[in-house]
Each structure stands twice: as structure tokens, then as C-alpha cells.
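Okay, handing you the structure first.
Order of writing sets the chain letters: A, B, C and D. Residues in each chain are counted from 1.
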């Protein structure tokens, strides 16, 4: 192999032409295809942020595993948090196909160099939050992610197919938690409503700032990584939520929320974006705790990973000796 | 100073004579006095075992600090457990005057080479156990320890004076815990009685095996370390308990317990010494947990102690430099 | 029948309390793969617990949650091994090794129980337990033969858990009337003794020689670790007695 | 009066929850001297908590234990700093440093309160807090200047606790009517900023530059650490409501 030339690499001009053709024809770009560096970087950033979000997202729900109020709910919650770890792993694998290894990405997470979804910097003080996270947070995630199943980068799109299937299961479980509470005692109903009040606006902000303030989105849409604008997705989410909230019997905390016959959509009130940016800057309820928790787990487990590596090395050396001897 | 001769050391014959004179005249042996090696060893063993017992004894009570049912009881319990740590330190100091340093003794504790009182291998499943430990365990300890305030070795006797004062305070607190329970609801009374049932016999065994099976006691009595035999102390303890149990309204779990007019003492039933020896051998409820807990605290805190040492060394070096420069 | 229900309750409590402990690891494991693996094992055990507690409760008109959330400490019947704190990863692996080897023998025997419900629960559990045993055996080797520190910790973990082995295999008078239905714990000891010490030695470690904790879990005598565990596990359910979730 | 009671409740909860956390160290400290020292500090704080909660309760006909054991999480008014887990010894020292410097200013000012009860409680607390501050400052130096590992851990501890500093000093609208009685938290910040960063730098460490947690403890918004703490703290009292101990 000629040094410096990766297998499958082609010269830039031909590569770019083929890349554009793949994008235009709604085909999939695969790891061995030529791609612009900016496309690669955008994808690595987006996929690893998504992976980090899954990993950090284990904590607000993990918080209730030991206290889940029924064994059935405990089992569902454990399985869900575990699924999130699994999603983190798929996504890391997808990002690795772009040439950034998992340890590097994880390091960026725990040093705070890489971002994760701000939503996980909110707290889960009540059991109802397990419902709200499923219904609202996973609900918003699905609206975001379903179009990603058609993202132009193949490994990412395929990971999203699997993840979306599980997320929609999670959303239904969240809905069921809230439904059980709304069918319960007065204090259970109050718990559910109070939780929805806290999570509604942050969930709407998960789609990112209004289109006017989101200049990078355009490029992602041209590359067919993103298929809909932030505001389009947010509208779709609100339209989906309203009938579900009615079914639950919870009130969505927005006095301006109402059906607009003309638009064929629900109108909704302004969101407080200053809060969003403040949380993003590190001043949310749990930014430090989330990172410290994962970092402590990682550092506290360093000796375990070292042992596993040392053992694997010894095994490999022994196997090589055996081969040599035979 | 002539090498090999400790300051204050005298030749063995003169030393022994003076030692015997001190013992006979009920005077105090002090650290600089000559003493037989066996006396020194007996004392180090006894004092360090007592220190270890205080230290390990922090755990069964420490178990309830976070769950104490009133703030007043929480404060009393914290203070008590803390006193025990303090007793451990006094006793280590007393033992150190005999030439064995604290780190050595502590090492013997956490490696399991040295013993501590078997009573602390019992569990404290209920809050009432905080009462029983105070009333019965500290009560037995006091019966054992009051005579030790007149032990022939000065530093030990003086440490015991201070400890006995605090122990009798602890015993009263334990009595009060049980009294509050016995004045409480039916379930509180049941909790108290159940706990007394569990602790009564083990507390009686704290005085050690019957005199007939305790051959070492004789030598300790001759040396005026011990002043009364195991059985004498046990009898004294039972005589003290019975009226207190009546005041509390608890039943002592011994059908054979009754006043013997002739002896002027209470008769009481046989104890199950096989259990005692089994716990001593390491098969109690908590032997492993107690040692592991203290060892984990010690090992987990190694970096703290190293830091303190390193800092002290640096400070000393800096002070020396300053002196040199001046 | 009452004795069968009591037997199922003990087994169910073992699985429940160990599952609760494993749940503490999730989001705190040394690597994501172990968040998943320990979570999986915990989920399997929780599944066993739910089957066993539901079956036990059916004799008393109680649901699994009545048993899990509304019994007090002395009414729990788990062995003390399962109550112990998770400790570090090595201690968790030590407990999983012991527990999995115990369950391995237990559920294999119980699969032949004359009680069809117990037999069915056990038969389903057996396959899962095979994976649990494999997981802990692999980690035993990695930690025992990995680095000096991991070997030291693994030995400490084994030493800390070993005193609770004996209780698992003690003859239980209360199940003597359940001949052909329950498994005599003592009958499981030889297989355990053949397997676990060999694995420990293969991992370059020593079979602990510690004493045996007195135990008594099946009679409601619990170690000091259970109280705080139950306080946390039951707090929400007890704040809303009688409610559905 | 009601506003004074609410003010005392917040201060009492701060002291109570921190005392509860320090209680977790006893029998688990790196050396016996620290079992004693952390226990002493915890006892002092528990004393402050009892005085403050008794005083608060007197306005509502409630005893200290009614407040400590029978309020639910959203009714607690402690700042989030005090709820955080103990972590390792360095994290505990980091919290103690921040807490002691905060209490130091607070109780000095409160000693001049027009409310004689608050003034008396504060005056008594001041001397104890001096010792607490000395204890944590000394350890900050030892750990910061001790070994490489201790410096790393001490910095981590400071970084972990720093996001909770800001909340301590935020203006509280609900105490504005208590002019001359309550202490304006914002007025305490300059002294804190003059003292603590200097100590940190003297210990060879960096003043953290982390963001600030949103907080809200005084409004009943708590971090995730408080729930399990309360579950354990309240479990026994709640199992026997209305009983005396």
C-alpha cells in the first residue's frame, strides 16, 4: 500500500463529485467514501454529543432505580437506563467509523470539552419525573431522531433506526407512568402535574434555538444530516403533545397554547431562551454533578480497566508463545 | 549515656525487688520503673485489646447515627461514639508508655492478629440495641473497669478513671433509651424487650469464662492488674441489673434467675459458652464486617495520612532552612 | 401451600435484595459495558424475584409489591450475603461469583421440583444464571491475574464475602417437610466446593479461610446493611400506601 | 413571627443536613483523630440545628423533631451545598471549608440581630465555627501541599463543591422584611471572596472556575442527593409516628 493513501481514498475532485452525487440522490455516504472534512467533523460532533447525552442521561433516571415504587416499574427503569448505555455504545461505534476513537470522545466528555444535551442538567426530584422524561424528553428526542434515520451518513442512520425503535418504547413507558399517576390519588396527580410543569419548556428547547438564531443548521440540512429545521421539529412535537396531554389529563404549562385553524398547527408561547443559554454555559441545576459523577465512576474504575488490559496482554502473549512453540 | 542502658533502668534484681514492693504496697508502677517482661506483655495485650474494643465498638452504634429517631438521641449517640474513639486514643497512649507504638497495635487490629471484645461482633438490627448496648454492655464494662482504676500500672489506672466516668454516663443514657421505649407504644416496648433478650447473655459473657476455665486470671490478680475474678464480677453485674430491669419493666431472659437469700446474691442460669468460643473463633455475626469496615477506612484514608506526613515534613524542612538562614 | 410459599419467599428475597444492590451500580460502573452487564444481571434477578414473590404471595392473597415494599426488616428472609454493600467492583464480583455458583446449583436442582411453578421459574432462571456465572468467573480471572492492585482488591473482596458463604448451604429445618419440592441447601455444597475454590486458585488467588458469619437471614436475622437498603427501597411506596403506579 | 420562623428554618436545615452528612464519617474516617474531629463538628452543627429548628417550630407549635422527621423533601429549606454526598475526605474538606467560611460570616453578623434568640444562637455558634474553619483550612493546606495525589483530590473536591457556593450568597426576597433581624446573604460575599480564594491559592490550588448550580434550596428545590438522605434519616421516626424516644 502506498503510504499516505488510505484504501478507498480517491483524489479530492473525483471524491467530492461522488459525495455530492450521493447526497443529491439521497443515497448513503459510507465510511470508505470520500467526504469533506467539515462534513466529517460535523458528524463526529453531532454523533458524539448524542452518545454523551445517552450516557449522561443515565443519571437523572438512575437516581430512581433504588426507590422505584413497584417492582415492575423498577424493572422497566433498569432496562431503560441500560438501553441508554447501549445507545451510547452504538453511537460511539458509528462515530468511530469517522476516525475518532471512543476513548478520545469519552475523554472529551469527562473533561467538559464536549457537550451533551442540556436537558440532562435538570433534576429528577420526584418519581413523576421518570414519566416526564419518558413522555416529554424521549418524545422530543424521537421527533429529532426519526428524520435522522434517513441521515446521509450510513452508520449513523442505521444506529438511529435501532435507537428510535427503543426510544418510542421508552416514550410509551413514560406516558404510562404519568397515566398511572393521573389515575391515582390526588397527591399522585399533583406529582405528575408538577413534574410536567417543570419539564415542558426544557423539552421544547431540546430542538435548539429558533431557526433565526441557528446559523449552522442550514449546512447540516444541505448535507442531509438534518432534514427539518429546529422550529419545524418543535412545532411537530407540540402538535403531537397536545392530544396526549388531553388523554393524560395534564395541563401543559403554556397559557398561549391554542389551536390555529388557519395554520393547521398549535400556536404556543415564547420560550425563555436566556435560561437555555445559561444552562448551556454551565449554570444549570446539575451540570457539575453530572460530569463529576461520570468522571468519578471512570476514575474509580481505572484499576479495573487496567487489570482487564493487563490480563488481555498476558493472554495474548501466552497465545503467541504457544503458537511459537507449536 | 551508656549504650544499652535505658535511663532509669536498674539491674534486674534491684528492679524486681522494687517492683514487688510497689505491687505489695498497692503503689503504682510507672513507665520508667523496672517491670517483668510478662507483666509488660500482659498489660500491652490487655490495654491494646481494650483500645481495639473501643474502636471496633464504634461500629455497632455508628450504625444508627444516621437513623436515630430524634435529634436529641442523634446528638447523644454521636457524642458517645466519638467518646469511644477518644477512649481508644487514651488507651493507645497508655499502652505506648510500655514501648509498643500505636501504629503497631493498630496494624495488629486490622490484620486480625490482635483481639477485641467479642461483644462487638453482635449486630444492632434495632434502635433498642442502642439502649441495650448502653445499659448492658457499658454496664458490664463498668463492672470490669471500676476495679481497673486501681490497677497497679499507673498510666492504665489513670486512663481508666477518665474512661469510667464517661462509661457510667453512657450506661445511664442506654438505660434512658430503654426507659423511653418501655414508656412508649406496645411496639416500642416489644422492641426493647426483644433487644434485651439478645444482649443479656452476651453481656454476661463479657467477663470472660468461668474462673475454673480462666487460668491466666490468677497471675493478673497477683500483679494487681485484675482485682476480682470473672465470676465475682459477673455476680456483681447480675446483682446490679436485676433491680434496674425491674425499674425498666423488662424481663431478663433467664428462667433460673432468682434471689438467693443465703448467698445474698442472685442465682442465675448456665451460659452457653460454646457460643462464646465460637464467636471468639471468628464465627460471630459480624467479625468479618467489623474488621473489614475499619480496614477499609484505614486503607481508604492512607492517602490522607501520607499527605499529612508529607506536609509536616515539608514544614519541618522549611523551618530548618529558616533557622539555618538566620 | 404455606410452607411452599415460605420457601419461595426466601428465594425471592435473595434475588430481590441482590438485584437492588446491583441497581446501585448503574451509571457508576467502571465502563459502559459493565453498566450494561451488571444491569442485565440485576434485571434477571429482579425477574426471578418477581416470579418467586408473586408465587409466594398467591398463598397469602398478597401481590409482589405488598411483599417487597410493606414488610419490615425482620420479615425479610434473604441470606445475609445478598445484603452486603456493593463495595468496590472486586467485592461486587466476589459476591456475584459466590451467588451465581449458588444459584447455578440451586436452580438446576429446583428445575426438577415436584412443584411445577417452582420448577418452571427455576428452569427459566438456569440459562440466565449460566451467563452470570460466566461473567463473574471471567472478571475473577481478569482481576486475579491482571495487575497487582486488582489481585489485592479481588482477594479482599473474596475475604469480605466468604464469611457469608456458609449460611447459603445450611440445612433448613423449615423445609424438611418439602421433600421433592424444595432443594436441601446442604446438597448443593459439594458442587460449590468443587467449582469455586478451583476458579479462585486458577485466578492466582487464595481460597479465604475466614470464619463464618452466624447468619440467620432465613429466620429474619439480618446484617446491619439491610436496614438502610430497605429505607431507601421502600420510601416512596410507603409514602403512598395502597396506591398503584 | 412567621417570617422569622421561616428564616430560622432555613438556617436550621442547613446545619441539620450538614450534620447528618458528617455523621456518615464516624467510624469511617482516615484516622481516629478525624473520627473525633468530624464528629465534633457534626455535633456542633446538630446543636445549631436543634436551637434553630426549636425556635422556628415555636412559631408553629411544632417541636424540632416534627420539623426534622415529618417534613417531606420540598418542605426542606437547606441550600444544596449541604446535601451533597460526603465523597472522599478531600470533598468533605472542600465542603467544610466553604461551609465554615459561610457560617463564619453569617453567625458573626447574626450575633448582632435585633432578634435576641437568633443573636444568642449565633453568638454561641461563632466560637465553634472558628474551630471548624481552622480545621478545614489546616486540612486544605495539608492536602493541597502534601502529595501529588492529595493535591489532585483536593482540587477535585473544590471543583465539585464550587458550583454550590453561589447559592449561599444570593439575595433572598423573602427576608427583605426582616431588616435588622436577618442577615442579607449578599452582604457576606465580599468577606468570603477575600478569605477562601486566598486560602486555596496558599494551598497551591486553583480557585475553581466552574459554573454555578441553579440552586433553589431555600424555595424547596433540592439536588438528587437529598431524597435518599431523608429516606434514611426519617425512616425510624416515621415508622412510629407520634412516639417519644
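The rule we apply is simple: contacts are C-beta pairs under 8 Å (C-beta built on N, C-alpha and C of every residue); 3 or more make two chains touch, one makes a residue touch a chain.
All figures in this text were calculated on a predicted structure; none of them were measured in a lab.
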Chain hops separating subunit C from subunit B, counting only touching neighbours: 1
Counting C-beta pairs in contact, which comes out ahead: A-D or A-C? A-C
Centre to centre, by mean C-alpha position, how many angstrom separate subunit C and subunit D? 39
Please report how many Å separate the Cα centroid of subunit A from that of subunit B, as a whole number. 58
Approximately how many whole Å separate the CA-defined centres of subunit A and subunit D? 36
Which subunit A residues touch at least two other chains? 66-67, 296
Multi-chain contacts only, two chains or more: what residues does subunit D have there? 227-228, 231-232, 235
Going by the touch rule set out above, what shape does the chain contact graph take here: line, ring, star, complete or other? other
Write out all the pairs of touching chains, ordered by chain label. A-C, A-D, B-C, B-D, C-D
Going by the contact rule at the top, pick out the subunit B residues touching subunit D in the complex. 55, 58-59, 62, 65-75, 78-79, 81-82, 85-86, 88-89, 127, 177, 180-181, 183-185, 187-188, 293-294, 296-298, 300-312, 314
Touching residues (chain side subunit C, partner subunit D) in the complex: 72, 227-228, 230-232, 235, 238-239
Touching subunit B in the complex: which residues of subunit C? 73-74, 84, 87, 156, 159-160, 162-163, 210-216, 221-224, 227-228, 231
Would you pull the subunit A residues touching subunit D in the complex into a rising list? 60, 63, 66-67, 123-125, 279, 281-289, 292, 296
In their complex, what parts of subunit C are in touch with subunit A? 16, 20, 23-24, 26-36, 39-40, 42-43, 46-47, 49-50, 53, 64-65, 68-69, 88-89, 141-143, 145-147, 149-150, 153, 232-233, 235-237, 240, 243-245
